[in-house]
Structure formats: structure tokens, C-alpha cells
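If you scroll down you'll find the structure; I have some questions about it.
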């Protein structure tokens, strides 16, 4: 992991705000600092402000307020073509009237590289994405995945220190996407490039990034490495947005240190780990990951909390079973169990008892 | 040749016997004030006398010959009575596109019993042509632009005298009239003009004379151009039809004066297209009989300053219908105005039109 | 279900070979598709292909000479046109009979008009001669009638000329009438010409047949009761002058034998057979070998004459020659039309490009307003727009007044903005601008703004990004717009006529003149065909240089 606190920030957003119409803020008070060599993903639903942030960094949008620093220098007043940032666009934006080699040559020509140097760099970049044989083709003659590689090569050919990618894999099918995810991370790490990657696909974010910034409503909701983000979401938005999640709503009944009691709306009282609750009497959403719920009473660990549940649906998914339950009035309570020889297959209508460890049960904001 | 008169007696009989006569009639004229005068003097009284007859106007007289030829080729003639200048009537007659008439049999005699052919006299320039008006192409000048010390222009050669009368002139964009005036002012006697013009040298001589003012000439192609150019002060003097100048001077009160010297008389009148069905032809003949009688021709002069084509109409010309001024002094045929006149030479121009026009256009394009 | 027969052809379920069955199914589909497009196909054919074909045809069609003067044209072929002398008697004789018929059918003036385009004066020569012909005929008719009174009477003629025979002459003459007038001349004439008469009096039989057909079918009269026209008497007189005929008449005993012998007896009262003299007496023009050369030059049914005229040449009997310099105009106009159309197209590109760019890149609402402004000129008539330019551009017009008022030009030195090429270029650029903007806009609309961003992110300045990335992609729009504007410009004539003065007029103005004023449709068609060819050549050049695939009218 490239993230070490000791490294000085390479890209910094300081209290950045952005408004298009002077009435609504699209980006609200954004602070972000990333060290050199980091692969950071901005993840969020559409309209959350992540692309705006990327465009401000690229120079196509100006911040309404605040400062963006690149390698310690404020870049608010530097035009995009002088920022030296490589960028990969959502639809690749390969110039259709130029061949692949001409596309790659373009950034080198405007930087006044000599012919031989250009050719060497183009060859290296094309080889890097395994497209060495395609220099003479036009973009329209390439498949989506090939175009994606060329776009990547073009963004890297002039050896920028920072590369921005705006949902670059959105147009590819699943298999190709997974393959490209791997290639992009490999390239980024091999070349030691600082990368800001924008996506709305959480799997992509979790598998590729050193850190993920989850955006919603113009703010970063949580900035953390993928595992931390999944296992320790700091608020209910992140908990909901990242991975599958069961929520039970209730009121905090008692609160002491790293423990609290929550009275669910159905009357049951459960123990939970307070994360984002401040005082007794606050409404809260309790979050439990489906794979942390145990449906086999015999396997319950000591200290586990149990609740009654009714099986509503059983779905066989190959490697796992997905069971939908009614728990404390919630019909959408899902449990995932591993497909093991001794695993029970529940039939709908069965009344069972389920349980989990209070430490897996996070009391978050309502 | 003898069949012609037989045929016409037959049609005259059908009208008299009240046999099948068409009720709808399309008249073709020039639009504007001229057509309005025909509507008031001919069409409205005709409809009043013949209930159930409807008259449609078509403002296509300028392209009448071409359109009639096209209609004839298509075998569908939609016009019943067409107003054309005498030269076009001649051509239509030559092409077999207009009906030949016998003036004495098919036109009204004068009130005193003089036969139609005597009443119209020389103006019956073609067997197909029923004259209506005598108009003239003459000059109008801006009274406020006459140079100090010089009198008002009263000689056709003043048009060619750039020293005494500087400023732009407007002349029609065709050789007819212009070359005659040019020769006249180049010292050719009036009677010799067409003999001279028939020779190559004479044509060159005329163009050479026009050359002396070529840079100061704006060439017009629509009758409305010169009055507009005079009104805008674009030209000092310009040729056009006398009726147009009358309305600019008397109706619009523009500072324009008439220069009648060497005015060129021309005739305008009706033709009936050849090849109409018997019913439509009968209606057309009936209309023409009515519309070209002595009173009707005199009536038209109430609305526009063109001279009636019948000798017997002249004494009946009265005052303008709206302005209440005496029309006689505004007629091109008024003895004061007609001291020096030309009559359009139909025979000559039928032969030389294409030849001299080609030379004239080549000269213009130089 | 398919089966394979022993020889290997695939069969469909009902046993017919698969190929046949497939062909049938496909044919049905094709017919259905054809029926669907049939209305459009017919529309295109009728409104586009047919007029163009007819225009091309008209530019070479010239059968009016041989149809109007069939026998003259044949006789004239033997004339030595280089001799400088008018042709001999035989030609004038043929001319007399041809012209007589043409005058009766009122076709001679059409030919006069046609030939007047080539030789000035022919129009009145033909018109006046048409009137004079009956006089020549009368000089024959009168002495014949006084020598043999019964010949005054149509019934005698009818009795004399009819008999038994093949009527071949009648059918022959019928075709000539059809050619001359273009009318069908179908139906019964009401006479069978006697073969004996045809053999004995060949000219008379022909002339009588001519008259009979015209009288019976055009005038719809009973020919047995009608008097023949003058030319028949002339023909009779000519026939009876030959020794051979006189001998035949001597032994002839049928109807009219007595009358014919009476005429032969009075031959000295008949005029001399001197048609040449009679024609020249009538009109001097007939002595001019140029008139005859013109007729001979234009006697074939198809001519290159119109095309030669259209490129300032003149067709002559020895090929072609340049027109005198003071008549050369069309090449000048062609060159000017093309040159000015190029200038207009270029100014449309220069003015239209930024506007189209704005249209494609402004927010939707402002773009709509701008679009309305662009389309606004379409909502007013061409004439109004052009006249508006007149008000702006003339010497005392708005622009000059403003410049004088601001002191930029002296009152005496107002700019000449119209009645010249400047006027035409300004007004036509304005009028044609939308035709450049719209295709440009529709192409630009398909160029995503990310390309410019991508270029900038790769280090390009605004100009480089535009020039190397945006502009090349908009070239198809420029191509489409240029083709549209150029082709429209090359055919314009109203605007040049109004604001172009003498230097700013186009070839189309002359085409319009020949269509509507001089009625020289053949020349107009030839000029139009050349214009069409020029457009096609330029289109081909464009295809070679830029590539026609590179033209886009829209996304």
C-alpha cells in the first residue's frame, strides 16, 4: 500500500466548493489529500460531485471557492494544457480522424518532441498496453477494449505524474472490465503514477484502489482503504452504498463506551457497537452485514445476540445461499451462508432463531 | 386563310345565340396600378353586366409568351385573355399561339359607326392583337437635382450630356429604345435610325455613344425600378413607362419632372390564346368586345395616364377618378408632350432583337 | 424440412428445389419492396429525370427545319454553298411548295423565329414571304382558270384527280403534314388519287394531295366540293410545261382531258417558271446566300448549333468558328458564375463556421434563439430579402449614409456596394448562409466536447486543439455546406438581377432571358446542360480531392 502518512501530499483539495448556478453547491467544502503514487478512487452515485472534482483537478472546471494544489503549487489559474495531467475519458475520446499512432503522437507533438523520440515513446506506450501492432489503425477499426487500451496509452505516453480516469471502463462488458481493472492497477503501480479514478461501480473501487473516497451530496462521506470502508463504514450511507447491508431501525437506549443498547421499532432490544450515535434517545440504524449473521443456533459464538425470524425466501446461488427473512418487522433482512456440506437449506415459512455478535452490529446515524 | 373568317363567324354566332359560354375566365395582366385600372374600367362593369361570370387575375404578362408556349406544349391552356405588349402579340401570332381576329367583325364599332379597324387605325399591328392603350417609355428627372444654371432637361441628348447634367442615369437593361436614343444623339436623323441600326457599324456606333455614359448608368429590369431610384435620389434621370412616373409625381408627390422628348410609343393590348375550347373562346371574345369599346377605353384613362388606343375614345378622357386632375395633359399622346416621338418598330425588333441583344449584353459585360 | 435428391439438390418440404423456392420468396419480397417505393420512384422520374432528359434533348433537337421545308432541304443538299451564289431554280421551286403549306398551317413564322437566332432578318423574311406566296400562286391560277373555266370549280378537280390507285402519294403527304404540324392527321381524306394522274401530273398530284389532306382533316370540309388552293394551280402549270406530260395528255381521254389540253394550248399565257425571280422580287433577302447557308447548316434533325452558341462559337457549313468578339458573352459569364460562386461559398464558410459553432455549443435555450435567427431569412421571400439589401447597399442607402455620417467616407465618394459584384456577393452570401450553417451545425453537433477536452488534457493550446482535432472533424460539414451553397449559387438569377448591375450577373440570368424573353429554349437548354456538366465535373473533382464519403449532412 502506497499510503503512508509520512509522505507529503501530491494532490490536495483545500475547502473546495463548486457551484454552477450560484444557488446550489455541487461540491461542498471538500478536503482531500493524496500522496504521490496513490491510486485513489472517487466513488459515488451520479450527481454526487465526484466528476466535478475530477474536472476541477483537470482544469476544465474552476473551483468556486478553495484551493487545489498539485505538488504543492496552487493550480486554480493554470490552464488545463499546462497542468501536465494525463486523462482517460469515459468514451475514450480517441480522435477519429487520426490513426492510433497519430493519437499517441499528438501530446508528444504539442510538447515538441523530435520524431525519433516520439516514435520510441509511442512504441513503448503501445507495447505497454499490448497494442504494438495496431499503430496504423483508426479508432473505429478497434474493439471497445482495444480503444480503452489506446486511450490509456495516450494518457500515459507523455509520462504524466498524475493520471485522471473518468469511468473509463463503463462501456465494456463484465469480463473485459474485470480484466482491464487488473491491467490498469498493474500499470499504475508499475509506473508509480498517482491516479485519480472516478467510478460509480463499488466493486471496481474496492478491487482497484489504495483508498476510496465515497461521495454523496457534494461531500466525501468516508475516505478509507477498501477493507476499512467495507467493514467499518462510518455512516449509514457508506454502509448502504458499499456491499450488501441489513438495517434495523430503532432508538438508542443506553450508551457506554464501545457498547450501546438499541430498542428496535419492533420492541426488541439488542446490543450494538456505537459508531455514529451521540446520545441516548437518538434514532439510529443498526447495520449488520449479511455474512455475519448466523442462522445455525449451534454455531452461535458466545455473547451472540439472538432474534426470532421467519424465512421468506431461499435463493440458491451456487457458492452461497441467500436467505430472505423477516426480522423485527423488516422483510428485507438477508442472510448469506456459504455452500457447505453441512449447511441447512431453509424452507420458506420456517420460524428460526438467528444471531450475531454485537461487535458486528454497528449503530449508525438514522 | 378563308377558313379563318368562317370559323370566327361561327364563334360570333354562338355568343349571339346564347349558346354554351364558359362562366369562369382568367385574365392575365401586369399587376399593380395598371391591372387595378383594368379591374375598375373593364372587369367590374363586365361582371355587373354578366351575372355569374367570375374573373381570376394572373399577374404573368411579363412572361406571357414563354408561359403560353409552355402551356401550348403541355396541351393545357389555362388563360383566356392575356394582356401583352404589341411586340409579344406579334411573336405569339407568329408562333401560332394567339387567335387571329377580324377587327371589324369581332370588335365594337365607334359610337359614330366608324368601323373598329378604322377607329384603331395603324395600331392594329398584328392580326391577333387588340390594342388597349398607347404608353410611352420616357424620362423622369429629379427637379431638386437639376444643377444650378442649367435649365430643366428637355432634350433626349441631355441624358448623354454628363457635363451639364452630372449624376447617375437609369436605363432599361436591353437595347430597345436605348440604341435609338443613342443614335439620335449621335447625329443620326430620326428617319434614318433603323436603317443605320440595321448595319453592323450603326450598332457599334450606338453602343459607342452609350459607352460615353456607361459608368453613370444603373440598368433597370422592372418598370418600378426607375421611380424608386428617383425617389431614393439614386439617379438624376431615368427612363420608364410614363404611367409609373405619373403616379410618382401626382400620387406620391415626389420631386420629379417629366422629360417627354423622343418618348417611344408602344402599345399594350389583349390577345386570346389559340386552342381554347369553343365555350371559353366565346366568353373571351365577348369580354374583349366589351372591354375595348370606345367608352371602356376612355374609362381606363381615369385611373392611369395611358392613352386609349381608339381615336374615338380620346375626346372622352376626363379627370382622374381620385385626384380629380385633368388627365389629358398627362397623356403621352397630348400634343404638348408628343412634339418629338418614336413608335416602337415591331418589324425591326422582331428581326434584330436577338442579334443586337447579344451584342448589347456582351457590351454590358465588358 | 429439406431433403436431398439423388443428384444433390436441396429440396424444400413440398419437393420443389430449395433454390427455386428461395428465389420465389425473394422475388415476392423484392416486388413488395418495389411497390413500396414505386410512388417515390415515379415522382423522381417525372419531376427530375424527365425534365432533365427533355432539357438535354431540346439542346440538340432541330427537326423544325427538315419538318417545315422537307423538299427544300433535300434539293438544297445539291447546292454548292461555297460558290457565293444563291441556289438555283429547283431549290426555290421546292421552297415555294414547302413554304405554301407551312404558311397555310401557320408554321412558317415559327421556323423564321428559329432561324432568326442564327441569321438576323430571317424572322421578317419568312413572315412577309408567307403573305406574298398567294400572290405568286394567283399569277398561275388566273391564266389557267381563264384557259379552262371548269378548273375554277373544285368538283372538276375532284373528278379529275380521283380514280383507282394505291393512294401511296396521299399517305406520303400525310406523313409530311404530321411532321410539319405535330398533329395526328388521322382519318379519311375522302379521295383515292388515280394512279394514272399521279404518273401523268406528279407535281399536281402531290400538291392536290397536300391540299386535300389539310382541307379534309384540319378544316374538316368535304373536298369534293371545295376549290383547291393556289399552289395546286402552280403545280399543274409546272407539270404541263414538260414535254413528256404534254405527250401523255395528248393521249389521255379521262375526266378533264379537254381542260388540260386547253391549258397546254394557252401555255404562253402562264408565267415563266421563275420562282427564284419571284422570291427575290417579293423579298430581297432570298437572294442572300447567307439565308440559304443558314437553312442548310441547320437542316439536320439534330444540331450542335445550340451548344456552339452557348460557348461563343458559331456553327457553319465548314464546322464551327468563333463568334465575333462583340457577341461573345457566355464564356465570360460561365467563368464569372463559377468564380463568384466560389467566392460566395468561401464567405459562407467564413461567416457560417463561427455561427454553427455557437449553435452547436451554446446552452439549448440560447442556441434555439440563435437558430431562429439563422432560419429567419427563410421566412421572408427571396425578393423581399434582396430588396432589403438594396435599401442597405445603395448609394443613398443605410450603410453609405452611416459611413458618411460617421465621416469614414466623403459624401461625394460613397462606396459602390451594389450594381456590381460586391452587391451580388453580399446579398447572396446572406441568402445562402443558412445552407452552410445547417449542415455545419448538424455535423458539429455530433462532435462531442470531450475531444477538445482530451486535446487540451494532452497539452494542446486552444488553437491547436481546435485546428488539429475539432476542425478536421467538421470538414464533412464544410464539404456538405459548400456543395449545397455552390450548387445553389451557380443557379441563382433573381438576386444578381436585382443587385448585380452588369458586372454581377450570372449565366442563369441569360438562361432566364432565353427562356422567358427571347424564347430561344434550345440555347437556354444548351446553357443549362453545360451548367449541369460543370456542376458534375466539380462534384467529381471534389470527390477526387476530398472524397465524397467525407460529406455529411447530419449525424
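To keep things simple, chains are lettered A, B and C as they appear, and every chain counts its residues starting from 1.
Note that contacts are C-beta pairs under 8 Å (C-beta built on N, C-alpha and C of every residue); 3 or more make two chains touch, one makes a residue touch a chain.
Remember, it's a predicted structure, so these values are computed and weren't measured experimentally.
In this assembly, the chain whose C-alpha centre lies farthest from chain B is A. Of all chain pairs, the one linked by the largest number of contacting C-beta pairs is B-C. Taking each chain's centre as the average of its CA atoms, chain A and chain C sit 76 Å apart. We define each chain's centre as the mean of its Cα atoms; on that basis chain B and chain C are separated by 29 Å. Look at where the CA atoms of chain A average out and do the same for chain B: the two points lie 89 Å apart. Not a single residue position of chain B touches two or more of the other chains. Partner chain A is touched in their complex by these residues of chain C: 448, 450-451, 453-461, 464-465, 468-469, 472-473.
Those residues of chain B that touch chain C in the complex are listed here as 1, 3, 62-63, 65-66, 69, 91, 93-96, 168, 173, 204, 207, 218-219, 221, 232-234, 347, 350-355, 357-359, 361-365. Listed in rising order, the residues of chain A touching chain C in the complex are 58-60, 79-82, 84-87, 89-91, 93, 95-97, 106-107, 110-111, 154-155, 158, 164. Note for the complex: chain C touches chain B at residues 104, 106-107, 109-110, 112-113, 116-117, 120-124, 127, 134, 219, 221, 325-329, 332-333, 394-397, 419, 497, 501-503, 505, 510, 515-520.
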